[in-house]
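Pasting the structures in now, so scroll down.
You will see two complexes here that share chain A, one where it goes with chain B and one where it goes with chain C.
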Partner chain A sequence: MSKKKTPPMSAWNRRDVLKAGAASGVIAGAPMFFSRAHAADYINEPTGKTVTLGFNVPQSGAYADEGADELRAYQLAVEHLNGGGDGGMMNTFSSKALKGNGILGRKVEYVTGDTQTKPDAARASARSMIEKDGAIMITGGSSSGVAVAVQALCQEAGVIFMAGLTHSNDTTGKDKKANGFRHFFNSYMSGAALAPILGENYGTDRKAYHLTADYNWGYTTEEAVKTSTEAMGWETVAAVKTPLSQTDFSSYVAPVQASGADVLILNHYGANMVNSLTSAVQFGLRAAQANGKNFEIVVPLYSRLMAKGAGENVKGIFGSTNWHWSLQDEGSQAFVKSFGEKYGFPPSQAAHTTYVQTLLYADACERAGTHNPCGVGAALEGFEFDGLGNGKTLYRAEDHQCFKDVLVVKGKENPTSEFDLLEIVEVTPASKVTYDASIFGGELGTCNPGV
Partner chain B sequence: MELSAFLLQVLNGLDKGSAYALIALGLTLIFGTLGVVNFAHGALFMIGAFCAVALQRILSISTITLDETKTDFLGNPLKIKTPIVEEWFGEATGQLLIDWSVPLAILLAIPVMMLIGFIMERGLIKHFYKRPHSDQILVTFGLAIVLAELIKAYYGANQISVPAPDMFIGSFDFGMLIGMAKGKLIYPYWRIVYFLFALLIIGLVFAFLQFTTFGMVVRAGMADRETVGLLGINIDKRFTIMFGIAASVAGVAGVMYTPINSPSYTMGMDFLVISFVVVVVGGMGSLGGAVLAGFILGILESFASMRVVIEAIPGINQVVIYLAAIVILLARPRGLLGRKGVMES
Partner chain C sequence: MLGLSRSDLLMLLFVLFLVAAAPILLNPFPEASRFAQFNAGYPDLMQRFVIFAIFAVGFNILFGLTGYLSFGHAAFLGAGSYAGVWMLKLLTINVLPAIIVSTLVAGVFSLIIGYISLRRSGIYFSILTLAFAQMSFALAASVLTPITGGETGLQTALNDPRILDGASSGTGNIPAPALFGLEMRDSIQIDFGGWLWTFNVGYYLSAFILLVAFYLSIRIFRSPFGMMLKAIKSNNQRLSYTGINPRPYTLAAFVISGMYAGLAGGLMVAMDPLAGAERMQWTASGEVVLMVILGGVGSLVGPVLGAGLIKYAENIFSKINESLLTQWFAFMPEGLTDFMVTIVSPFVGKGWHLSLGLMFMLVVTFLPGGLIGGVTGLFGRIFGRRSKAQGE
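The block that comes next holds the complex of A and B.
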């Protein structure tokens, strides 16, 4: 983790004393809220010409490649915020508060931490970035378990947490916090967007068999997909929890065909998804017939990086995703161009959400005129924007969740390149995936500025 | 429980057991000959798998031509890759080589793993023969981490898809063979190949030890190293070769495993702990025990993953191997086929 040096305190001389005396005279005559500016109003209040952001991503462990892509996007966002590069999505962003001169005129610097995809390690690295490096905002992701843990820490510490890739309903549901904000979509939205497409393609008389990763994200995804598919007439034959550490899913996949089910839903992500899908295809489920219909497989949350690991097996399989590089809107095109020219390949959805979160944070600071987490939070709450790749988007005030269009995708039958793995089947409008903020429980609480 | 469901889990168990048995066989060979508890053995399995990845990449080295009629994601002319093997040997032969890259990788893995085995044994592990087992475990575990990180640094953390040859993609209807209805007992071709391959390798290792002079000396050395040394036989050299053979067994097991699960740098650690349980349950130093325990624990694990079993005893799928190990070790403290005096003071 990199460390910044603070300039040494210089000794007071006569001129300083005179200046301070004159300044205190001005302050004494100013309104009261001005006088508060000299005491720290919030933790890690920037006083110099720079402001430090903390990028907390998995740099080791199974999600390290996804973390590396997030880090690339963060570095690109910092470059753009400081006026470098081609400006990327700053040019297409509906808010014009960002000027390419850092945040509130301060140059953006950053420190990085390794979450190792473990909540404890993620909290330790976030704490270190806040306490030692003076990070004013923490962002990062790739696991809901990590996001929920780091969000709680940021709430206690009094800094803003801009979540990266985290898909569990809990992040902005039962575990939501006033200092935490999520741009990425969630399990509920995946279920709501997928169900109509599944109905159209596979009919409403289907029997589903769920294999579910045995942790927080798996449960909320299974619940969301079950609720939305059962609402349109599907029956859930069975839902089996699989250990997160499982690598060979043959024992779980083998009994599926004899169970009477005709759809297999894999509530798996990362290595689990690659391995369970590979097993399902090996066991002939893609080519099988059940109940007089073609047997189908569904992967509720898709990631291009993982589709690559599963190879040919993803062909024709439906899922949902937060964003895809093939989107043709101006914002997405600008981002793909910036990222592609800098790194040589298109960005992943993880890279997109982290880039957007950094811009949204910076923009909120500019609009609020402060880095104070409470001011920034207020600027993000209820903020409506466009031009960042997902169409019109709302940062809902009640739960700090972004509401925007959701992409339903399918594994491409005839990819033209190694990146061309998913095709967009439907862009589900935000109105179809919006839900009442109270359904998942939890309380935002009040914002904490850390002092 | 339906007969087909029962048979399916037996097949699955044999398949899982194949991988456990192959890794445990190598571990037992090293322990039996050199007396070293090799925690880097899972890493050797993983490196073997990456031999298949490496060969796939080598065979896919391509010349690039630009297709002006199509564009890439940045709007530049699309780069069309033509594998060099197709240019050298013609399209059909080139495609065939790429398609069969996994079985061909065995030819690459055997010398590579043998070499890695020699280097590991001569360069590092031999310095720990006289040290306590705890030191051996620490150094080999450290080595496993280093090897995994090296692979990650080069190939990344994500899994890499390595498909089986086209003719082995898909599954075989066993049920129809024994008079069941269509679709009742389906099993993937490649998993059947893996099981048969494991039997072949296990048979070859046993035959090598049983029917060759070299094998006879090694077995004698395993039984009484000192006496064999007094006879003027350089047992250390033979044991080094056995280390290389054990590394090769793990390596080829890894190569053939790649179409079953796309390899990643963590796969060695995933198998390591279970393989140690297999060795202990089989009986320390017993090659037959390692193979038997590999298959028994594989089958048990498969049955414990069935929905009816999980619903009856929640969580059993995660602990069944360890429970079985406890029961077997209570009944037979030296393991299934363990001999007296091995790892006993």
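The block that comes next holds the complex of A and C.
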């Protein structure tokens, strides 16, 4: 270095002056322009004839199938909200605020993004929807890790988050947020609904081995199933965590039989569950005997898409689900009909919950008369409704969790079609799966309109 | 001025102009136009541009000068991110300690990994760094879940201690990262005709730090230390024979570039307080290698351009879906529209990696000096000819 290290002071000063001058110019000039952020009552307040919703779903990774089905349901919901199609569940919904002319008279438009089932990517995608596309509400996702991350982002940014498929207790438990709402059921409800059925069918002196997806959903599901089965006398032999990105589970399944367990509980979802169940069957666990009993496999959270992926292997396996297309109530029938007509196959539970969430959001806007997250939130809190496929449902004000009946299902032994894979064993009434809002800790905080 | 030669100063001023005017330059299309899709001037992406530019500039100090190709630099970015979030959780929501601590933590971490990895060179060095990075990723994703949040990620919470802030949690909302009360997410939006310009606090903080980082990198490139690093690249053996031990120099370069990565990680969480394990994955390490090669290895501005290009492709191309393509090509006859949509759609949306790969291939094949090499070559040709003409 040939030049002197310390620059002459005057040079610094000149630069400083220039910079400061430019900066103060910008600051002084700002109020002279019309500044959007300060004129609005809340962030991304729609001013034109349209309103933009952000559909943030996994398009790649272990939950891509669920994501694709969610997107179909969103497109259907938008069509119905804008007055197209046959109106689907808008006709059976107990609230009649929606008129088929968009939301508050504004045509519904949407943007989509890929969560990749990674919290980082999901937040980046949601941020660009809010900052670039002006989305007023973010919804979707098929993982609780993502749901918790995006919900926190929406709380900070000041938009409503309508959770998609997320089953962890955390979403409306320890990580609940005032701007976030969940229609889907949770691990606690699965455990509470599943345990009595398992007791009836497999007896009360079983030894369980858990394989658990290594993130917040896996943890709470394992916890819920453990607690409720141990309460009736089951014993937990081991609980092993498996990475979400795992595709080959043979090394995890291999030690199960030697462990002395006679039930394998797969706290897996999506492609994880398809792969782990397939390996378990390949290892001959279903035909095996242990402790003088038939070896059994349980999948706490089931979906038709998973059943389809796992094929033959799901026959006779118990699990719980939020909704199933074979339900005979008016709302479910209407939804299955319009979804089936548009896409040629019945919707999954992921499609159902996201469709319902979109309708519930739109309805809350209509009833509140605003898109302001605080107004919408107040309209959703304590809202009781019916006709959306799960019977009478309550959006509890304390934790923004929906309470409704839970379905216990079983892989069908003799499916009549490629979609007829699950049969409903029992509909557990909402009262049996309701819990105190404070048991998971966490605080809602206050609603944030973003300005 | 500033200890820089005239051309370096011009380069610094050029970067200063680019980052200062980015909110305007990156929004060339009016809000309502159909090309608004291609606007990149929103805070999230602009922040990413400058943060990854810092990452790439730092990586270039190691790779561009010494020629040591590290495939594990994402580990330092990740370590910095986790350290940053912990600072935001435990100490204060002010981003300054978070940024400083994340840089230091990444420095210590890279000292350890560098000390071991630098015992080998060439491909063995690359594999060692890759192995360490994958180990860190596996640790962050599952073993160290209590510290890193595992696959759920680590984020701030309402009941964090934040010992320096005290009563800030009384508002019922998690405080947003701020610099002495100036929140990172605050923006001034200006409607100018049909254009919307967003001047974001977090972006300008990151941009300022990029300028400092870039200035430091120029000084390192031009210093005797930088000369020594270049000597290591051109002939490591000869350097040893002259009686100089190159290892301390490479280790210093490794730690400096690790600290740049940590700084980038710290800034990332200062802008958005969540750290996920996947930012340590090998794909993230590979990305920074691509950025530097695409922009131009060993050049000063190259990595900044490369980072910008990759982040632009990732965030803009990936958002283009089929319905949008159909809109664009709707003016064509129907058969042709479908044809165009079918041809283009594999390269956008989920397939943006494909266009990136093609771009990378073209650059490496036809512009060995990267984008910056291409640009200077072009300028050289134009101005070279002119000066020759003047000379005659």
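Heads up, the rule we're going with is that the second predicted complex is superposed on the first by the 412 of 451 C-alpha atoms of A that agree within 3 Å, B and C clash if a C-alpha of one lies under 4 Å from a C-alpha of the other, contacts with A are read in each partner's own complex, and residues count from 1 in each chain.
Here is the rule we use: a contact is a pair of C-beta atoms (placed from the backbone, for glycine too) under 8 Å apart; a residue touches a chain by one contact, two chains touch by 3 or more.
Computed from a prediction, not measured in an experiment: that's the story for all the values here.
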{"item": "Partner chain in contact with A:P243 - chain B first, chain C second, else both or neither", "value": "both"}
{"item": "Partner chain(s) touched by A:A149 [first = chain B, second = chain C, both, neither]", "value": "second"}
{"item": "Partner chain in contact with A:P429 - chain B first, chain C second, else both or neither", "value": "neither"}
{"item": "Partner chain in contact with A:P346 - chain B first, chain C second, else both or neither", "value": "first"}
{"item": "Touched partner set for A:S128, first chain B, second chain C, both or neither", "value": "second"}
{"item": "Touching partner for A:S251 - first (chain B), second (chain C), both, neither", "value": "first"}
{"item": "First (chain B), second (chain C), both or neither touched by A:Q282", "value": "first"}
{"item": "Doubly contacted chain A residues - partners chain C and chain B", "value": "60, 241, 243"}
{"item": "Residue numbers on chain C that touch chain A, as the complex places them", "value": "1-5, 20, 39, 42-45, 48, 141-142, 145, 150-153, 155, 157-159, 171-174, 176, 185, 187-192, 196, 198-199, 219, 222-224, 272, 274-276, 278-279, 315, 318-319, 321, 350"}
{"item": "Partner chain C, residues of chain A touching it in the complex", "value": "1, 3-7, 11, 22, 26, 30, 33-37, 59-60, 111-114, 118-121, 123-124, 127-128, 131-132, 144-145, 148-149, 152-153, 155-157, 175, 178, 214-216, 241, 243-244, 442-443, 445-446, 448"}
{"item": "Chain B-facing residues of chain A, complex", "value": "60-66, 238, 240-241, 243, 245, 247-248, 250-252, 254-255, 257-259, 271, 274-275, 278-279, 282-284, 287-290, 305-306, 308-313, 325-326, 336-337, 340-341, 346, 416-417, 419-420"}
{"item": "Interface residues, chain B side, partner chain A - complex", "value": "2, 4-5, 8-9, 12, 15-16, 70, 72-74, 78, 152, 156-161, 163, 170-171, 183-184, 186-188, 190-191, 260-262, 264, 266-267, 270, 301-302, 305-307, 310, 317-318"}
